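Take a look at this one; I'll ask things after.
By written order: A, B, C, D and E. Residues from 1 in each chain.
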Amino acid sequence: MEKSRSELGQIIIGVARDPLGLMGLIIVGVIVFCAIFAYWIVPYDPIAMDIKSRLQGPSAAHLLGTDQLGRDTFSRVIAGGQVALKVALPAVFGAMAIGLTLGMIAGYGPKWLDNLLMLFFDTIRSFPTVMFALAVVALIGPSLQTVVFVVMATSIPTYGRVARTQTLTLRNSEFILAERSMGASMARILGVHMLPNIIGVLAVLAAMDIPTVIALEAGLSFLGLGVKPPTPSWGALLKDGYSLIRQTPWLVVGGGLPIILATLGFTFLGESLRDVVDPKLRKQR
Amino acid sequence: MKIEWTKANVGRRGFLKGATALGAATALPMGWANRAFAADDGVLRVRAYGDAQNMDPAHSVGVVEEEVHASIYNKLIQYKPGEEWGWQMDAATMIEQVDPTHIKFALRDDIGFTNGFGAMTAEDVKFSMERIVDDATDSPNKPDLGPFSHVDVTSEREGTIVLNKPFAPIWSIALPYITGNIVSKAAVEAAGGRIGADPVAESGPYLRDSWSPKEKTVLKRNPDWKGDAPSWDTVEIYPIDDENTAEIAFEAGELDVTRVSLGSVERYRAGVPNGGSLVEKPSLYYVWMGMNVEHPKLQNQKLRQAIQHAVDVPSILEAAYFGAAEAATGIIAPGLAGHRASSLVPPAANFEKAAQLLAESGETNVTLTLDTLNKTTFTTTAQIIQATLAQIGITVEVNVLESGAFWASGDNENLQLVLNRFSMTPDPYYATSWFTPEQIGKWNWERFNSPEFNEIHESAAAETDIAKRAEMYQRAQDLMEESGAYRFITHEATPVIHSARVIPALRPDGLSLLRYFGKAT
Amino acid sequence: MLSFATRRFGLSLLILFVAVTVMFLMIRAVPGDPVQIMLGPRATPELQAQLTAALGLDQPIWKQLLIFYGNLLQGDLGTDVFSGRSVTDIVFQQLPFTLELIFASILWSASLGIALGAYAAAHPNTLIDRIAAAISVSFVAAPAFVVALLALLVFAVHLQWFPAIGAGEGFWDRLDHLVLPAFAIGLSWVGYIARLVRASMLEVMGESHVRTARAFGIAERRVVMVYALRIAILPVVTVIGVGMGFLLSSAVFAEIVFARPGLGKLVIDSITTRNYPIVMGSVLISTALFVVSTALADLINALLDPRARTAH
Amino acid sequence: MTDTLLEIDHLSVDYETGRGDLKALRDITFDVNKGEIVGIVGESGCGKSTLISSILRLTAPNTRFREGEIRFKGQDLLQSSERHMRELRGADISIVFQDPMQTHNPVLTIGQQMLDIQHRSKQSKPDKLAHAAKMLGAVGIPDPEARLKQYPHEFSGGMRQRIAIAMALMSEPDLLIADEPTTALDATLEVQIIERLQELQREFHCAILFISHHLGVIAELCERVVVMYAGAVVESGEVREIFHNPKHPYTRRLIECDPGHIKERARVLPTIPGEVPDLANLPGGCIFRDRCDQAMARCATEVPPLDQLKEGHHAACWLNHEEVTT
Amino acid sequence: MSLLNVVDLKTSYGPVNVLAGVSFTVQPGETYALVGESGSGKTTVIRAIAGLAPAQDGSVTFEGQEIRGAPERVMRPLRKDMAMMFQDPVGSLSPRLTIRSLITEPYRIQGMKDKDLDAEAKRLLEMVNLPTHFADRYPYQLSGGQARRVGVARALALEPKLILADEPTAGLDVSVQGELLNLLNDLRERLGLAMVIITHNLSVVRHVADRMGIMYLGRLVEEGTTETIFRDPRHPYTRCLLSANPEPDPDARLERIALKGEPPSLLKRPSGCEFRERCPFAKDICTQTPEWEVDGGHGLRCLAPLS
């Protein structure tokens, strides 16, 4: 246990040494902080309406103005971070966990299972996301969980394929053969020896995927398939902002800025993470 | 802060030209998109919400298709553009109600069908109307004709429309709207009884020149049209359902006429770009919140009444309709017979009374779901309802549904609260028909079951005395409201902007009557 | 190579079959009824029953599925519920608009992305590399519909450089109409591709054959553009192939905001109106589009990479 | 001086790293005459790769040339323009790398790659291809014209290494650097390559700087040899001299360790215990001291200079100083 | 009873016959070397023995028990007695595990939870002459020689009877190579274990192996005691291999026998004697297929043996 913590510590230190990585770390840190403490930080209740002071421009009282229901945009942006993470984290990590499991099984298991899983992955991938989302939303109704499910389902193949490729590469590597020669079970090989070597690549992929997921939530919101009102999601902000862009451009700014910031943060973090985690690069150090 | 998207002086063309001619000033009026306004090309560009896919009036699915049908076909009578509902002669030179069940008409002799299908005859009128009520046609528009029986052809251009019983909406719905379109009997029969995406024979002032699905429909002047010549040579109809896009297209000079969103009204009141004008029309739509009286949670009438009083309509109008719409008093819009001057429950919420009613109901810890469509206006409205009901301690969860699922709510017995909006034709008969007991499980989502209401709906349609008829419909709406199943919200409004070169011809509810559009000189 | 192509084709057909079947079952499980939507509030029970029967919706699902496949084998996708037109016609009428949009978007975003990525990789850790990275990355998550709308406001209304709506007629006009939508949905790809190319370039540049090329004094330009880029581009081709599916989704937004005809819009409209024949037709075509584009990517990869050619 | 081709003169090279400067090469001095085969022997971490990339000036960005000169035909390469270096690479100085499987671009045909490296030639394309085919034939690739159209992966490792040699010799360079060209190959192929290289060297009269850790190969191929250890030259001289009369303990021990050297079956083999010191954190004195069984007090404090023991034989060890022997 | 008995072992991947029938035996405590060019199938032999590569035909018995194609259930208890060492010293160590976990992995796999794993790790590290603080290091922090020793420690953890070692000195500097071989030799003597060593370095074989087999294209072409083979190779291929080993002596000019060309593709095995086309001593008779003949413990597959 202690060793893995020290490795994690090493990774964090490695990321923090890289200027872009540090920037990513800071941005992500701020977003996570705001998400956790959203309801203590926000100047106003993000769902409290004040119809009299609706559609106000940015001012000292309302940094990013108010929306059509007189809700404080800044507060909604802050609280929206929580929703974004509530969507992105389970979706991305869920997809990663399932994709990883299936991908490793496909890569390590028998050929027929590999073929079956690949068919499964390719089939899911072949639906345009929007079409899939529409059908699912129509089936189970729009909500946070639905968005999570749609995003998760559509990204499983990506993780699955990467995990499979990695597993295929690793399965003939000498250390796996060595484990097999000692009689290690499949579960042990996959869990103890493959997983730690694959998860790094997938974690990087996941970090870079988080902003894409947030943007996807915005897209679904635009089509009216996003989270339930009055939940303050960045996507919902963007959608409201979109329909009022001529009157109140700050609403789009409020929804768009955090997404772009989050993208920068997670991407920088992800790329820096890759540099640190990649053993090829680490050896050179 | 308000950003004005004023037009820049230098367009792309101007840019290029300016670079060569070194005279930026000369380039000024050459803006790229200005061509739409600058050149009087005789093309009227209008926006529709959707694509007119079917050229068969019997299978028309609403206003989008009717806009084209009304231009390429003729009816005995047409709606009159203007502020008041009314009709004018079209294919008929004479039309009169000889008794409550008989209407005599005579046709003009100068209307002919294209593709060599000859002059329009009374036989065509008979064919067009009778095929709609014929079961074999599967026409969704059959109910519009009500108790229509048949047409007696008395001569080549004369005939009598026969009803089974009196039917007041014949003048306001049946004849000037979808079911009134006259098609060529010979042409339809030659086409095998069904018209598809292309008209088989046209007779109106315009001919449908081309249709690029989801892109545009082009109407061209009918050279053989003998009536009043339309002002525009060509009409291009663009299907655009996104209001923002339509407004931007208008401002970019690519549309002459479009309905705009209520949120933009304030901005356009201050001035319409390119010298255009804003026309604010009422609308026939009615928006309400319904309560499913059969749902176990909502069977208590006092609870429903408490909810009625706790919904604050002015807030909704302010936030979701941008103050551009008025509160509704019922399902029948102002200007139509049967409109109520005021509702029984005032628009503004009365939380005291609501709380009192809730206490009387004995219900506590009420949690309800509110189903609504996934459009900003509705979700905004739903959130206000959610917030105002919270004030009397009722928790509401908003279910946002995409349209396919939403419109399938009729047989959803688990429906609790629903935010709904129906369209309307200019006759009260149309409005009441959905709330009859017969419609439970179909369109009467509230499962409002009032024999008296049903009785009024049946008899009012046959009532020809306008004052009496109005009274009956007002009573019908009272019944709805008393049941506690309805909280009327608004009839919306229809703000339309048009370019300076257009004199629009709009129905009182703001819909375009393309054949009457004029040119500003 | 041939057997590889045959197997790839067989797999594509299988994917197509599974995908279409799944979508068929899924869309049927969804509440909603085209008859009700079509007839609107005016439906009488008889009429509904008649139409349901006419559309074959009264049959059990498995039978409908069989009928669907039976028709499909004869090249018939069925008839549109609303307009009575052939679904094949409708879908193929919309397809070119979406294809041209997707191609235009890929073309510009991939060219710019590859150029940016290659430049950044050739000059790693320079200021320009960092700036290019920051700018391109920030576009990755810019939602297509917001970009589209802003592009409309700026370039169509404010500057009036490009037309706002529609798809245009004739080659130049259509191209003119493509600019803004292709910009809007391609933007997020620029950064994505640039990053991908940069990473894969850096990897290739570290391989020893690049060192060999340099050791022979081959001009740096040629080393980067030919020796390294040809290999670095391979994963990009795959990503673009897969990306076609995602681009189809983005196309929906561009088609809504720019009031363009297209498959994306058709899909949305047909699903929300439960227009089953069109849903199935467009699912079939868009899945086929995806399947073909991934297969094409594999093929291009095989052409670019002689190792892949003999490996299979 | 006229027949000296390459002079490495007191060359010191560092790598800047996060842990401080890694002193990869220190005070390297030796030279290569025209038409001569010089071997460089050393185990992992001795600085062979740094030396090669320094000569070609194809160094990593964190490389720092601290001191010294690399003179090629009298001109200091470290001061030359990048343009001049490019002119030299592949023309006057060419190189064969260690791993034949990765030395060619996998997506270009061998013919294309052999065309590209003739970028300085004014010949027509068919002439260039003919020249390429001729070279392939010279290194023993059968049916060279047809094989020009093939891709690297269609050749075996041995063939690829021969192609690499053909490419390196194509411009008739004055200096060929061979960086462990046979390490990745089987013994049978190794001899084939070495013999081929000897033949070609006689034909082209180029000098070869042959880097290898395989003492047998060096002994067979080279005339002179430079022994490197941990970034420094410890001994250099005639092959025969070095192998028969090594003057540095490292050289001596290295030769002893080679099992090929021990003719009779020995269950216990000689070794050099210990590890190469950390170049980022160099101990003072002689770098081999920790592993040397003859180390003295002086070895811990002073770096032994590379002394000339006799004509053409240099060694850096205090043992060779007279005061020790007395 | 021989410890390991391999009889006519065959492996093919699709049309590629990697092993075309290999037979040999290893006695307890004996070191047996398999020698040949790359692609001759050496690695496949020991992987097939350990059940890591498929073997479609033939028989492998370990202590009298048939283990070819045996399920892992049967194999696992046997793996205590049969350990493997791999070519790549660092690459054969699971990169995310500490050295302690790595060398005690066999105990965990065999379910020996009652062992004091820390103490075992210490014992094993000491056995292979590595400092005990190495237990907390990761593979990438080790040099090739150190990693190699970790591999040895792990292979010896359960005190096996047989070690299958694939190129145990590959990638090692000459100065360290001896250390490893000495260590193995030392342990072999102390623990009495038998070894199968694969290598292409003949100099190494001479010092460590009791007997050796020479492989060509997935078959043994010659087998015998190391001494006889070095002294008197009968197969031309063996002779070529032996002569192809450059000696670290500038004056030693071996009478080198040039081997023509490269090994043929396994997909296109030559007819007759498969070495014929490269053989400097080929005769007309070599168009016939040679059989494996054993004479006084010396096996040979050649129709025109050297005397």
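Note that contacts are C-beta pairs under 8 Å (C-beta built on N, C-alpha and C of every residue); 3 or more make two chains touch, one makes a residue touch a chain.
The shown structure was predicted, so the numbers you read here are calculated from the model rather than taken from an experiment.
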Worksheet, complete the sentence: chain B and chain C share contacts with A
Practice prompt. Any chance you could name the chains that touch chain C and chain E both?
Written response: A, D
Worksheet item: Taking each chain's centre as the mean of its CA atoms, which one is farthest from the centre of chain D?
Response: B
Practice prompt. Using the touch rule from the top, point out the two chains with the most contacting C-beta pairs.
Written response: B-C
Discussion item. Averaging over Cα atoms per chain, report the distance between chain A and chain E in Å.
Written reply: 49
Worksheet item: Cα centroid separation between chain A and chain C, in whole Å?
Response: 22
Worksheet item: Using mean CA coordinates as chain centres, what's the chain C-chain D distance in Å?
Response: 53
Worksheet item: Of all residues in chain E, which are in touch with two or more distinct other chains?
Response: none
Response to the item:
Contacts with two or more other chains occur in chain C at residues 30-32, 149, 153, 271-272
Worksheet item: Of all residues in chain A, which are in touch with two or more distinct other chains?
Response: 134, 138, 223, 242, 245-246
Item to complete: State the interface residues of chain C toward chain D in the complex, per the touch definition above.
Response: 207-219, 222, 226-227, 230-231, 304-307, 310
Practice prompt. Give every residue of chain A touching chain B within the complex, in rising order.
Written response: 49, 51, 54, 57-58, 65, 68-70, 134, 137-138, 141-142, 223-225, 228-230, 239-240, 242-247, 249-250
Discussion item. Residue numbers of chain B touching chain A in their complex, please.
Written reply: 1-3, 5, 243-244, 247, 261, 263-264, 266-267, 315, 318-320, 322, 373-376, 379-380, 382-384, 386-387, 397-402, 404-405
Discussion item. Can you tell me which positions in chain A touch chain E when the two form their complex?
Written reply: 3, 173-185, 188, 192-193, 196-197, 279, 282-283
Discussion item. Considering only the defined contacts, which chain C positions touch chain A in the complex?
Written reply: 11, 14-16, 18-19, 22-23, 26-27, 29-32, 130, 133-134, 137-138, 140-146, 149-150, 153, 188, 195, 199, 242, 245-246, 248-249, 252-253, 264, 267-268, 271-272, 282-283, 286-287, 290-291, 294
